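Take a look at the structures below.
Next come two complexes built around subunit A: one with subunit B, the other with subunit C.
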Partner chain A sequence: MSTTTTRDATRPAPAEVPGAGRRRKGVRGSTLSFWIFTGPFLIGLVIFVYIPIGWSAWLSFFEARYTVTPDKFVGFENYELMLTNGDFTGSLVTFTVFAAIIVPVTWALSLGLALMVHRLRFMQAFFRSVFFLPTACSFVAASLIWKMSLFSGVRFGMMNTVLGWFGVENIAWLADPNPPWYWLVIVSVRLWLQAGFYMILFLAALQNIPPELYEAAAIDGARPGWQTFRHITLPQLRATSTAVILLLLVAAYQAFDEFFNLLSKTTWGRPPLVELYYTALGDDQDYGAGSAGAVILTLLICMVTLLQGRFLGFGRGDDSK
Partner chain B sequence: MLGSAGLYFATAVCALLFLVPFYLIVRNALSTDAEITGENWQWFPTTVQWGNLTELFDDATVPFGRSLWNSAVVGVLHTLGTLLVCSLAGYGLARIPYRHADKIFYAVLVTLMVPAAVTFVPSFVLVSSLGWVSSMQGLIVPGLFSGFTCFLFRQYFLGFPRELEEAARVDGLGYWGAYWRIVVPNSLNFFAAIATITFISGWNAFLWPLVIGQDQEAWTVQVALSSYMTNQTVNFHLIFMATAVSILPLVLVFLFLQRWLVQGVAQTGIKG
Partner chain C sequence: MSALSSRNWDRRSVLRATAGLAALGPLAACGGNTGREGGGSSGKSLVQYFHAYGEAGTQEAIKRYAKAYDEARVTTQWITGTNFESKLFSSLLTDNAPDVFEFHPQLQLIKSGQVAPLDDIIGPVKDDFNPADITSHTVDGKVYGVRMIDDPQFFFYRKSLLEKAGVEVPQTLEELAEAADKLTTDKVKGLFLGNNMVSTNYALVWAAGADQLNDKNEIAYHTDDVAAALKVYRRMFTSGHLLLDAPADYWDPSALVQGLTAIQWCGMWAMPVMQKALGDDLGVFPFPSAASGAKPAVYNGGWSMFVNAKGKNVDLAKEYVKWLWIDQKKYQEDWALSYGFHIPPRTSLAASATKLKSGLPAEGVKLFTEYGRFDNISWTQAMITALEEVIANSVRKGMDPEKALDAADVKVDRELKKLFG
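Moving on to the complex of A and B:
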């Protein structure tokens, strides 16, 4: 199912007409129907997606503090301000580090969980539920548990208590960037929240691998385990892996909730969205600079998405299957 | 590879690790502050503090009950609205012939390139100029027009058996009639899967409600939870009771609809 749909995304909608008899009766009639069906959505899309993006691009060339109807044109000043602002460029670095860690780690963990659950003969549904359950939690709720109970900097935090049994001194997980323990907190919270979701995708893909492939491999003398995994399972999961990596990257772009809640008062570990939040809605309410930042970020993401598509062969991998 | 016993052992260890945070929520929600912050780690509360629940709703500093109500209203209306608007558009794009349909579909696809979270600054600017800050419509309306959900519906309707609709059309139903009488009743599983996923993401949404909910009256449950993290006075038992209450509805949904939800995710989630 997935293979055809991803390919469809890159193709125009089929402009075919159902039933030759209908055709004469009126392209006009179906044109009206088309607009009745799609009109409400398209109007909303224009008002709440296209206009904001356009308005943002316009605002980014004005000095707009505390106002959304500015009159002072400043050219590229806001862009200059953002690009020379160490906090903003630093946030791009933070995001890059975050994505470089979270994408491969989630990929590996969710695939590992899927392989384990897939091989279980009893209680498969039970373990699948346990790993899937964190998806029900919000980032805010999970951040609360992580910050105030699991990785609390004082002794009553669970991690410090457990480490204390082994004689390890209290660790200030979030309050000190040297060493950067906060990455452990941030990565683990997201890992817990999202691994189960991607595990389900891998499980579905694993169940679609024809068992004959493994039988044939066994006849050819491949030992079960690493050999069959490398030469059969992994290649068969290629389409799913590509989709998972893409979804993980998109999810990483959107990182806001856990950073904002775990590290709100600190100056380290700020991804772009948190930085933009403070720029546009912080004390300055600088919509001009905030808009410039949003435009820069949007352009970056579009560029990365296109590169990714080319690099991962998104939509192309389906043909090989 | 692992033997069967080894496999079960490894899986059980992982499962235990995944359950630790849930255990912490329940333990903390039903303990006193002294037990939560005590020097000596306690695995279980000495006496279960059910009173924390009533105390949570009586606490005046954070309007928790109000925020729960807001989240429920926003979640339900957001889900119904998204289903209606996006399914109609998906059906129109998939099934109704129109010369420029492909161009319009591209215009929808382009919006997928720009993650919704990045547009929060421009969206806030727009919504505040409409005077919708801290209002229900500000929380609900901008989120209804999801290019992604529209895309999912279009893909689904492309795979819907055409013969069923054609039979209806021969019987004299127009597109509208065929849609409501034939297509929707035969697609309830898909609608329910999308509804569940939409409701969950709406309930758990944080950035937009935080941006829009500037008055306490308009807080959703996630914004209320977050406010505990910046509070001067920290009432651990209340915070964790609030967390438990905010998670419970979704955990129940997950447990009861689990098998079906898994199918929905496996079918729809991958289409991104």
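Moving on to the complex of A and C:
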């Protein structure tokens, strides 16, 4: 067509700028690199994350029992079921209790370990490794060791053996919810598994605190120990602490393995993911209700994330402060 | 000229190829380990799912039978852990679903069109099967599934420990609680009902004179006698006379064999191991009566072979099931009697099973015949969970049994409405 020819013919020739061709080439090259490196992951993200999320949201409005391609639309019935039968809302309470215990305890323990290892003058690498190594163990394996060996309810379970030395009767750690000894088992296994990882984060942060701050404080008369820790170390660790707390909360939300493996056929001690597993993938095979629960949980997590951003300021840029 | 000439492979080609491979990678990974590798001499292949049996040699036996089948290469997935149902149900929704699988008769599978009727293969030998097994697999006149083994479950006890404590074999649930009390010492607990205590929930309902559902498929477990029996269970649970949190659960004979308990609920499959360890110091009795006039109860568990109706090789799968579980009597006998003890569902096989003719195995068969109760095909997975929650809530958590049963009623009613309208 002549239109294009005419337009091209009348277009002024671009001015020759030295180096412009190389810059264009450079921009195109970096774009290509971007797609080479991110493309596969983007495709994976779409296939394995966004499509399932969309499908799950769609399923939540259908009666999808023993099928993921349902045809019976039920509106908000699945949402009503999840919010009224008490099991799902109970799982949110379980999560809250778990998070309320595990977040501060792991924070304190990992910080304590980091301080201890940081001050060691010899065998620092050894102790760093010793505390970090449990991170490499799987939650399932650790849970089974805790269940069948350490906290077995029989007389030769390790904890019961120790208690037996002091004349204490055998305790059924996981079978009896009154008193809820199962929390001790669950919290201790997770502490063992994750405290070392957060210790490393704190250790890195501790090593970044300038020694001049301690020297200046000493000159000003600050006593070493608690006073220095409270007024120098702790404020300097604020950013790391915030990140650690956020990571711990995320990990608590994702809690599944130890609850699933330690507590069987209970109606208690089910955090949201375990409850959703039992609803959607376990015996019930109700993908509609499970999906509704997943959508509710996602909205809840989004809300909590926004709130934490509002109150803790994590993730805000400097200009927004 | 080489296909890898630099002139053929410019930068864009390389990029396209890289992107293509990267995109295919995850998809290829999805299809990994399907268990469908290769094929038999005929080039056809089948996949079968089995849960992990506790008896040594069972996995090898199943693979040996499969290998002997000439018409197709049969691959076995031996699923360990406690999530057999979860793995089976979720895989049945995918293209990697097994062609044949073992499970229990459940109406939900039939309503969902997941299992094929097997009348054409079982019809000619229907009369040779235990009638109760046929009934428990029949819906609207069609038989779904071929029973492989019947597994009666009852109490095993150490005769010497009962004699030492002056305890008679319990005839009622109250007597069972008293026996647990008298048999408990600082080393041995009186009774083991399983770690989560749900393994006896059917027997408890039956021994209290009730049933899971009645003939009209309505709730039949919610009675005053069942509530009263649950209170006895709660008393036993809080008494300190039950073995709880054992390293192995009720299905494993180790609690009794290792001297952790005097009485244990278990299945007949564990009898050979128990006899080997304890010799003649072993007896069996049914779940005792839990209400006035009610009969004792034995739960006849077991496993059946089903054909995936949505599979790619339904006819071949049916042929395989017929070959192994109907025609090959030597394998059926081997499967039932060479590892643990199971009762063959085929009357002709059960009659010729000499290992079950005398001694303790014969007593087990007698309990099976006198008190055995079979699965109800209308009692589905969600209902199973609901009744298990009654045990969790009323026995272990201390909730009033009536309230726990009311909560189960809501869930079971919802299921019944979905199944029967």
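As a convention for this text, the second predicted complex is superposed on the first by the 277 of 321 C-alpha atoms of A that agree within 3 Å, B and C clash if a C-alpha of one lies under 4 Å from a C-alpha of the other, contacts with A are read in each partner's own complex, and residues count from 1 in each chain.
As a working rule, a contact is a pair of C-beta atoms (placed from the backbone, for glycine too) under 8 Å apart; a residue touches a chain by one contact, two chains touch by 3 or more.
Please read all numbers here as calculations on a predicted model, not as lab measurements.
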item	value
Partner chain(s) touched by A:172 [first = subunit B, second = subunit C, both, neither]	second
Touched partner set for A:104, first subunit B, second subunit C, both or neither	neither
Dominant toucher of subunit A (residue count), subunit B or subunit C	B
Partner chain(s) touched by A:268 [first = subunit B, second = subunit C, both, neither]	second
First (subunit B), second (subunit C), both or neither touched by A:36	both
Touched partner set for A:153, first subunit B, second subunit C, both or neither	second
Contacts of A:68 with subunit B and subunit C, given as first, second, both or neither	both
First (subunit B), second (subunit C), both or neither touched by A:44	both
First (subunit B), second (subunit C), both or neither touched by A:283	second
Contacts of A:180 with subunit B and subunit C, given as first, second, both or neither	neither
Doubly contacted subunit A residues - partners subunit C and subunit B	36, 40, 44, 47-48, 68, 147-149, 154-155, 264-265, 277, 281
Residues of subunit B that touch subunit A when the two form their complex	1, 4, 7-8, 10-11, 14-15, 18-22, 24-25, 28, 36-39, 41, 85-86, 88-89, 91-99, 101-102, 104-109, 111, 113-126, 128-129, 141-142, 144-145, 147, 150-151, 154-155, 158-159, 162, 165-166, 169, 174-176, 179, 200, 203-204, 206-207, 210-211, 222, 225-226, 228-230, 234, 236, 239-240, 243, 246-247, 250-251, 253-255, 258-259, 262, 265-267, 269-272
Interface residues, subunit A side, partner subunit B - complex	1-2, 5-6, 8-9, 12-13, 15-19, 22, 27, 29-31, 33-34, 36-38, 40-42, 44-45, 47-53, 55-56, 59, 68-69, 113, 116-117, 119-121, 125, 127-150, 154-156, 158, 161, 192, 196-197, 200-201, 203-204, 224-225, 240, 243, 246-247, 250, 253-254, 256-257, 260-261, 264-265, 273, 276-277, 280-281, 287, 290-291, 293-294, 297-298, 301-302, 305
Subunit C partner contacts - residues on subunit A that touch it in the complex	32, 35-36, 39-40, 43-44, 47-48, 65-68, 85, 147-149, 151-155, 157, 169, 172-178, 264-268, 277-278, 281-286
For the subunit C and subunit A complex, residues of the former touching the latter	15, 18-19, 22-23, 25-27, 82-83, 85-86, 89-90, 92-93, 108-109, 112, 114, 187, 195-196, 198, 237, 240, 243-247, 260, 381-382, 384-385, 388-389, 391-393, 396-398, 410, 418
